[in-house]
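Following this line, the structures themselves.
Two complexes follow with subunit A in common, the first pairing it with subunit B and the second with subunit C.
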Partner chain A sequence: MENLVQEAIQNVNLHAVMPSLILSVAGMALLLVAVFSPRGKTAHIAWLSIASLIVAGIVTIMGWNDTQYGFAGSVQLDNFAAFFSMICIIAAGLAILMSDEYLKRENFPVGEYYPLILITTAGAMWMVSGTDLITIFLGLEVLSVSLYILAGFFRDQVRCNEAGLKYFFLGAFSTGFLLYGMALLYGVSGTTKVYDIAAYIQANPDTTTNVMFVAGGLLMLTGFFFKIAAAPFHMWTPDVYQGAPTPITAFMSAGPKAAAFAALIRVTFICLEGMQDHLTTVFWVLAVLTMTVGNLIALNQKDLKRMLAYSSIAHAGYAMVGLVAWNEIGSAGILFYMLVYTFMNMGAFAILILIGRSGEENLTLDGVTGLGYKKPMLGIAFSIFLFALMGLPPTAGFTGKFYIFAGAINSGYIWLAVLGVLNSAVSLYYYLRIMIFMYFKEPQEDYAWVKIYPATAVSIVISVIGVLYLGIVPGSIMQLARMAGF
Partner chain B sequence: MYGNLWLIPFFPLLGAIINGLFGKKIKNEAVIGGIGTLMIFLSFLVAVQNFFRLIGDTEKVHEIVLASWMTVGNLQVNWELLLDPLSAVMILVVTGVGTLIHLYSIGYMHGETGYYRFFSYLNLFAFSMLMLVLGGNALVMFIGWEGVGLCSYLLIGYYYEKKSASDAAKKAFVVNRIGDFGFLCGLFILFWALAGHGVWTINFVEIAANAHLLEAGGALITIITLAFFLGATGKSAQIPLFTWLPDAMEGPTPVSALIHAATMVTAGIYMIGRMNILFAMAPSTMMTIAIIGAATAFLAASIGFAQNDIKRVLAYSTVSQLGYMFLAMGVGAFSAGIFHLMTHAFFKACLFLGSGSVIHAMHHAYHHAHLHDDPQDMRNMGGLRSKMPITFWTFLLSTIAIAGVPLFSGFFSKDEILWWSFGSTAGHPIFWIIAVCVAGMTAFYMFRLVFMTFFGAQRTDPRAKDHIPESPWTITVPLMVLAFLAVVGGYVGVPKILGGGNHFGNFLAPVFGPAQELHNLNAHGSHALEYTLIALSVCIALFGIYMAWLMYMKNPALPAQFTAKFAGVYRFVFNKWYIDELYDFVFVNPCKRFGTFLWKIFDVRLVDGIVNGCAWVVKGVGAGLRYTQTGYMYNYAVAMVVGVVVIVGFYVFG
Partner chain C sequence: MITVTHYLMLSAILFAIGTLGVLTRKNAIVVFMCIEVMLNAVNLTFIALSRHVGNLDGQIFVFFVMTVAAAEAAVGLALLIAFYRNKETLDVDDFNMLKW
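For the complex of A and B:
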């Protein structure tokens, strides 16, 4: 034990955790700023948070192609981690942009909100760069605990409390699986470092049939499945997404989900390679189940926030197709898809923020009747996001799905791609229905309460640009994803 | 060095976006029209700059990669532009003539509803056309190709409340789709054929460099080029797909001038020029092109004899001149074809704009007198010479140019085509005979138009005839510039035999030279022969003019006697050889009947039944699944546990 600590201290290398370090420090400093700020004044905290995210983003980008190892091999900031970190940073930035005016409208402008987002992001970064089960778990917990608070942030709203509480209990439950699985892996291999586990299996090939090892691996995966909301571990998602403050819902559906995908890919592809034969079947079934359940239930939803929650489940299913492919193209596809998904989904949620009234009213299908005529720009932006979610060109939703499904076909999983495309067809129904209400029904209201908040509008514009850019010229970013893929 | 090339398509795109998004709010016509014209003018300036850079450059082919677009397997597709002498000429024509027509539209479209819409579409068209000619690979070109088709559709149907206009727009769109199908087939087969040799590319430079892998004269290359040619016939209104162009005259006149005379319809010629290496490898295709071109030129010219609508005459004249250009391409006279494309852009744009000026004035007069006569019918015109002097003179100069009178631009370009069609290794005297006949016919019907419109007695309703004004400066200035170009534009390419240096041909030589040399495409013959042919063609053109003068000036009763005597022939020609009716009978109606069958029986009963059934089942399952979402946490936890147990169980026992 003494040796380990010594070794760890000698191999600190702060470069490997620099982006997350920046965010942690900024988060703590801003908490203090929040304490000394007058109640109700939060804009400066929001902008400082964005500034720190930009700094962290620049540091991350500058470290591209320059892998840093730190803390005796328990952290590895490589291209893979950098790409996922950028997704989390973008998600956090968009979430903050759409928050300030929203918090004011909901009468809850409280300063600690932003530092919590920063700390969540820092946790997500440890997850994506962790090469030690302990680091990954630590990141996951930092991320989760902050999210529990954020999900139940409006402490005077019952629905919000319910969201926070459900998320907390079920999250704790799933963490139990995760930790138990990690413990079993440690028990078998005697180490928690993912590369050492892989080396142990290399040396002892029969480990892969060891029930303890297999159970450990699967239990650990279950924990990640919970985080990415794969069926049947998805059931918390609709309730929590619907109850949580909308910017947090948007953030949860993009950043933390991407981080969970990152940890899942890293652990699976390195430690559990020996279980590949069976695991691909598991992933196959779960991917199909997840997208199908998400899409089918979304068909009958009238509440837009809940509908998008189910749609986010379905999209996790599409992304899982990349896991089945189990190769560089597949993981590059997931990287690209999560980036695309961040833009299109967060953009859609930002629109919901604008069209909602205080107390989250009016977020039903009827609530957008004729919106396209009364608020044309909003209608166009919403349509772009919906087209992207459907996966139609020239939006990024198409290119993202294209790369994912092409990867599956390349690996011989034709039927998986077919089921994925069929699912996309089903999803057209509920996405298009929103557009039908927006454009083909006479407006009942004049939408006078819809105010275009400037910062939220900026987040929408950024998302639109992202969706169109990645859709029309995906080449360069896809190249980066290839460089980052496993 | 050519880093600012992207600005050329960018400016019109910007203009289209600005006017499209904010035009409705701007309202002020001067601002809207000013933005649209300024944007294309800026493109023109950049185009001129790049043109002169290219002239001074020893390296004539430049590829500019803007961004990577997609990577599919071994195929890497970029957003790339290609600047070589061919595209340099095209961008000058498109932006130069385009600028003048934008300027013209400011005055011409005055007071129209949807003024901003017009300028937005016109800019969008310019953007698409520039992408088409600058595209460095077939896919970028195809975006432009589809874009111009779309803009053409939008602009023909600009007066969409009018049924004839929206019908014409649909017709243009559908007919073009058939051509696009050919283009895509050609592209796919070409891609597949090259990939078979391990070359994965759709980039023009690489295609040209690897074309030798395909067997020259083989079936494959013939099919590829024929498919591309089908695409060209759609876009450039050749037999069998020419019927949409005369109907397209439903659009506002500046649209006819820009899209349906000067630029878009020449896209097919340009495309053949761009892929000249492939076409040169397929002699059978070349011959087909020459035959179709000559036949179209003849057919359209004959129809032009009997039309009374001023714009329709010009439309058939355009089809006929495009046939000329295809004839040039077909006999291997690529640079002559492009040369004629350019001079034609000048005089035909001028003619269309001039006719627009006339229509504008007639419309004004009728409006003033509260009459509803047809402002486009030449039988209502006559004697406009003194009322609209600038329009008249510019129109006359352009008519002389198109008729092929010596020393005017049309003479030089037409003459080179005539010479190649006679003396080229791919030519034949029959082509020359048809072409020279068409030249005479062109001279006849164009002067018929001039005489009917500008000379003789005024046939306009007396209540309106005193209210015919000359057009404002935004209309007359473009006319004068274009007429000037129509007169002198040919001097850049005076052939050697007439004491010139054929600079135009030399400039394009890096593009067309290799293919012409490799496949032995050139025109040989004695000087005496060449002079004789020139003299003959000039005589025939003058004869055509004389006949027009005889029939429509000296003895205006002659045409009526003529039509009475040859009533059958006249009706046949007047009704455009009944081609539309033939197509209706052979293609359209059977398709409709088949469509109705598919719709009523196959679709409604069978397909809809299955589809609705599926939707019903899917929705039902969704509704059922919804009940699993109870809202109780312990249910969720149970689901998770069951999930874990099933997964582990599957793994251990499966």
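For the complex of A and C:
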């Protein structure tokens, strides 16, 4: 008995969960701070949250190349997890920077907003470092449940309520599929540990034709496809992205999506490796469907947040091309692309925050008419992000797509790369249309309400630097992504 | 003799009932209950399979699922109350502010 206890204590290894531990403790402490703060004062909570994110980031970086195993093999903090954790930390930091003034403008400065973002990030980290189906599920749920609250955060706005509810219903529905899949995988292999399932399949190769195993794998993947918003499981995305508070939309499209990709990569590349031949077909079809559906529907959108939501579906499609490739360049490409996407998409949403009036009714194409002349700096920054989203050099959007498509070509999927490039060409239309409204139409307003909030401006500057740096000298970060990839 | 197959069939039927309910029912609370039926079908699968493969991992998983389902219920009902205060309806057809 004593030996068992000793062994259990040795197996814990808190180093493996240190970054997420810092964030969850900071999140809970800040919830208490929020209770004792005067109503309407939230700036100090925002700065403390940023400080805890920086500490977690430093701890994550110090753990680079030093894989930690914890909780009897349920958690594995390797380079892969560290890279995705950094993406989530950056996304959370940018979201917090653009939040404080936004919450004041929308007349809802409530302190528990920031702790919820920290706890979401902690959940994302469990998810990316989980090597046990239980850990992955738990991380996913910590992340999702906090995001349900954040998506419906403005409780007196019907749009926001609706976004939260839709996200909640579809998220919980998809969790059902994910769990049923996990249950069937457990039933076949007799274990919930990702590496043990892989070992079981290695020992019994005929498992991959077992109906229960195949059904379990596909059900679990369906759950993940909901989370990364791959077509045809994308229906919730536009509604939720449009209705949620803008900083949360930005955060959702970057951090949690990256975490879902991480768990998807880990589970498919390790657990379901035996089903590779069939799964690449599934990914192939879904990647093409996702990017085509996203881009085609985005063509017809007038609301900018909704347009960016469809564009984020299309970008999930591009990232899935890296899954189809199923090689080292492809998986490193996904890591790199998610980092790039964090900068370019969150930058674009930060601009929308500055342009928007209270209630954000004016965030349509007509709402940016002539913006480029009246607010030249904003116009230039927005153009940089749009060029990056199109995938034009010298921005990071180009290098990101380049690595992903290079991975696909390396595995012999030349047609897929061609379809991806054609899709990027389609997407030029709706991104360029925003720029035409900004630069080639006479201004009808003087944009007097647009104030350059300092913290939001900092997040835009960071995003611009990120987009240009990763676009012009991608080598060093790509090197890190290759060290982290599978 | 009741075998693991019977339990798996029962849970598959429950899961299907839950899924159909989510897709067809109009009242948001009923939809939510259908999601709970799906999760409990999963719990039944886990417990039956745990007995079948002969280790406790599945039963431990069930504890986590129940805890998470409780947390989800708290958040989901709070969101429903906020929505009801503003619109005085819980019909899913009235979730229609955001579309196309």
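Methods note: the second predicted complex is superposed on the first by the 476 of 486 C-alpha atoms of A that agree within 3 Å, B and C clash if a C-alpha of one lies under 4 Å from a C-alpha of the other, contacts with A are read in each partner's own complex, and residues count from 1 in each chain.
Everything that follows uses one rule, which is that a contact is a pair of C-beta atoms (placed from the backbone, for glycine too) under 8 Å apart; a residue touches a chain by one contact, two chains touch by 3 or more.
What you see is a predicted model, and the numbers here were worked out from it, not measured in a lab.
When the two complexes are overlaid on their common chain A, residue A:Ser476 makes contact with subunit B while staying clear of subunit C. Within the superposed three-chain model, A:Phe349 lies out of touch with both subunit B and subunit C [touch as defined at top].
In the superposed pair of complexes, A:Gly190 makes contact with subunit C only, with no contact to subunit B. With both structures placed on the common chain, the touch criterion links A:Asp239 to subunit B and to subunit C.
When both complexes are overlaid on chain A, the residue A:Phe226 reaches subunit B alone and has no touch with subunit C. In the superposition on chain A, A:Tyr431 makes contact with neither subunit B nor subunit C. Shared-chain residue A:Phe173: touches subunit B and subunit C both. The intersection of subunit A residues touching subunit B with those touching subunit C, taken from the two complexes, comprises 166, 169, 173, 238-239. For subunit C in complex with subunit A, the touching residues are 8, 15, 18-19, 22, 28, 31-32, 35, 38-39, 41-42, 45-46, 49-50, 52-55, 57-58, 60-61, 64-65, 68, 71-72, 75-76, 78-80, 82-83, 85-87, 95, 97-99.
Contact residues on subunit A toward subunit B in their complex (touch as defined above): 166, 169-170, 173-174, 177, 211, 214-215, 218-219, 222, 225-226, 231-233, 235-236, 238-239, 275, 278, 281-282, 293, 295-300, 399, 406, 426, 429, 472-476, 478-479. By the touch rule above, subunit B contacts subunit A in their complex via residues 67-72, 78-79, 615, 618-619, 621-623, 625-626, 628-629, 631, 633, 635-637, 639-640, 642-644, 647-648, 650-652, 654. By the touch criterion given at the top, residues 133-134, 137-138, 141, 145, 148-149, 152, 155-159, 161-166, 168-169, 172-173, 175-176, 179-180, 182-184, 186-187, 190-192, 238-239, 242-243 of subunit A touch subunit C in their complex.
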